[in-house]
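Data block below; observations after.
When the chains are written out, they are named A, B, C, D, E and F in that same order, and each has its own residue count from 1.
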Amino acid sequence: MPDDLRYERGRKQLHQMMGEVGDQALDNIAGISPDMARYIAEFVFGDVHSRPGLDLKTREIAAVVSLVTRGGAEPQLRAHLHGALNVGCTEQEIVELMIEMAVYAGFPAALNGLYAAREIFAERAAKAAR
Amino acid sequence: MPDDLRYERGRKQLHQMMGEVGDQALDNIAGISPDMARYIAEFVFGDVHSRPGLDLKTREIAAVVSLVTRGGAEPQLRAHLHGALNVGCTEQEIVELMIEMAVYAGFPAALNGLYAAREIFAERAAKAAR
Amino acid sequence: MPDDLRYERGRKQLHQMMGEVGDQALDNIAGISPDMARYIAEFVFGDVHSRPGLDLKTREIAAVVSLVTRGGAEPQLRAHLHGALNVGCTEQEIVELMIEMAVYAGFPAALNGLYAAREIFAERAAKAAR
Amino acid sequence: MPDDLRYERGRKQLHQMMGEVGDQALDNIAGISPDMARYIAEFVFGDVHSRPGLDLKTREIAAVVSLVTRGGAEPQLRAHLHGALNVGCTEQEIVELMIEMAVYAGFPAALNGLYAAREIFAERAAKAAR
Amino acid sequence: MPDDLRYERGRKQLHQMMGEVGDQALDNIAGISPDMARYIAEFVFGDVHSRPGLDLKTREIAAVVSLVTRGGAEPQLRAHLHGALNVGCTEQEIVELMIEMAVYAGFPAALNGLYAAREIFAERAAKAAR
Amino acid sequence: MPDDLRYERGRKQLHQMMGEVGDQALDNIAGISPDMARYIAEFVFGDVHSRPGLDLKTREIAAVVSLVTRGGAEPQLRAHLHGALNVGCTEQEIVELMIEMAVYAGFPAALNGLYAAREIFAERAAKAAR
């Protein structure tokens, strides 16, 4: 597939998963490195996240879990918490994931995941209330 | 809930998720530290994994993703690959998760996840063929 | 042991180790997930930290070292620096631990530990001066 | 660029950097997941490592340093130690990198890097002696 | 070599690599732990970074890559981005390293590296414009 | 202090803490990089571990905890488990540390710590029985 088709597919997939938060993050990245932004559109969203083998909800759950386990990746965690909620996760499911992470990644990682989730939940509630 | 009920519930949950591999791992751990084995039954499986908020398949996907991201936890990764397959993941879904991990945890972590998956798939195929 | 006894024991243990900082952190967590707060009281403090096999000072040293090694867990590190000082660590011992961490976790991790320690020392000095 | 051109460019780049060790690793990966192998050829080597902005020696130094810092990625570290030596690093430079890693990633990570380097040096010396 | 010669050599090496940013960071550290500051001068810069086996540009590239891979070490990453630029890296080379890190440490780590790089580039541009 | 005094002090300190296991590991390292071995003697043991501010038992506890948290550093963990037992830790205290690590570093890291501890305990029991 030519790169421009992968790019277009990726931008659509990014928008479907992460909404305006994702579009803005990508434009932001393009301001530092247009090639990095292009790889994210083409490879991350156009190739990987467009694959049919996993539904989007599972893809976002995996992203959130990986970011909580790694730690120190708050901007990406916040973006993927939005993504997870956009594609059908409930807030309660996200809290459940954080509780499970206490077991696998330790309580400190899980608590930082919970704090990030609380902020995103509040942001979205404030926006919905407007 | 008294500890013996949590323990019983946890052992059942462990068996449902991870089968004999899980039972043996727990007995193995009890040989070093009976208290650690008890906490795994009571807390990990009796408290956390018995919670209703996430289906078992999602719980095992989260465990696998966390272990691949962390790296250096092959025995646990192998056990939870069995667990994921036991509760309904397909081999193809596990391969998809590893491909997604190339994005979030890097290609080296993803490849080590794929190598572990290949071994577990082969083990189960050999057992099924007998 | 029934959960309410574990909970009570855990809250007492938490208070003994981490003082009001710990009580507030737990109430804070309960505002996002009451169950997560309950597990921290019951399991982390009621089960694990109430065990007789290690004195509280060694327990807090281990927590601080683990958090410095992991990195990216500043809120927990700050809480456990308070904890360590509450149960008998001196400031000099904490500085020594950070110097040792340069060897095992690398200088960047050790320096972030030192910066966190400086803040906590200053906070406590300011409070003591009032 | 169409995917088949990216793939071809990537396989050439892989071979130039990592020789037969790299070709075999990729075929090995294709036996588990043909798509993962394809992404490695297309994206990792066809897109990223084919970029003109860094010479191959610096690219391999960066790969080695990242793998030593992460830890738990021995197969990839071994492959990239071969790669580094193939594209012009000397053994002494690799030892220097490991010594520097004692500072940034800690002595344990650095020592595991040195042990891996020793094995690769011995393997290549044995092969050269034949 | 006596410690005072190692210390002097280290302070010079630190200044050559990291300029005033480095001098200030060391004085800052000395305010918490004079011994830690001394070890950084003596061991990190007087012993390790004064070794002849790698040029300073490669040393700073390795430091940057290790810090991006670890994550959660922003103050050190910022200091070594200055260092890398001081000893001859171009901004474009640093962006290339971050793109390569998407492969080895994952896209989230690479993006945090890019964000830090953008800040340092802007800081230096603002200073140069004065 | 001249380097040869630091070296001598370090070798003595290493022997006191880690016994023959430590002496052999250092000779082993010297076979790959004499300078790395020298830095371990001079800096790690001659400078850091010779400092008076922490007793040797606490130093080895901190090393073990850091290595368990990091993961993927089995040779170093094994060496420091010997060290901890040599300078006065009991086996039960080490098991307690691993149980505590389930909280801070996650159950997988803690279990790998327990497995390593079991091996070292068995090795020492076998040697004592001869």
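Throughout what follows, a contact is a pair of C-beta atoms (placed from the backbone, for glycine too) under 8 Å apart; a residue touches a chain by one contact, two chains touch by 3 or more.
Computed from a prediction, not measured in an experiment: that's the story for all the values here.
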- Chains in simultaneous contact with chain D and chain E: A, B, C, F
- From chain D, the most remote chain by mean C-alpha position: C
- Looking at where chain B touches chain D, is over half of the residue numbers used by both copies, so same, or under half, so different? different
- Which chain has its C-alpha centroid at the greatest distance from the C-alpha centroid of chain E? B
- Distance-wise, how many Å sit between the C-alpha centres of chain B and chain F, to the nearest whole number? 31
- What whole-Å value do you get for the distance between chain C and chain D if each is reduced to the mean of its CA atoms? 40
- Query: With chain centres defined as C-alpha means, what is the inter-centre distance between chain B and chain C in Å?
  - Reply: 29
- Task: Please report how many Å separate the Cα centroid of chain C from that of chain F, as a whole number.
- Result: 24
- Multi-chain contacts in chain E, i.e. residues touching at least two other chains, fall at 35, 39, 43-44, 48, 51, 66-67, 70-72, 95, 99, 102-109
- Residues of chain A defined as touching chain F within the complex: 103-109
- Query: Mind pulling up the chain D residues that touch chain A in the complex?
  - Reply: 1-3, 35, 39, 43, 47-48, 51
- Item | chain B contact footprint on chain F (complex, rising order) | 71-72, 95, 98-99, 102, 106-112, 114-115, 117-118
- Contact residues on chain F for chain D in the complex? 29, 31-33, 35-36, 39-40, 44, 66-67, 70-73, 75-76
- Query: Where on chain D is chain E touching in the complex?
  - Reply: 43-44, 48-49, 51, 53-54, 58-59, 61-63, 65-70, 92-93, 95-97, 99-105
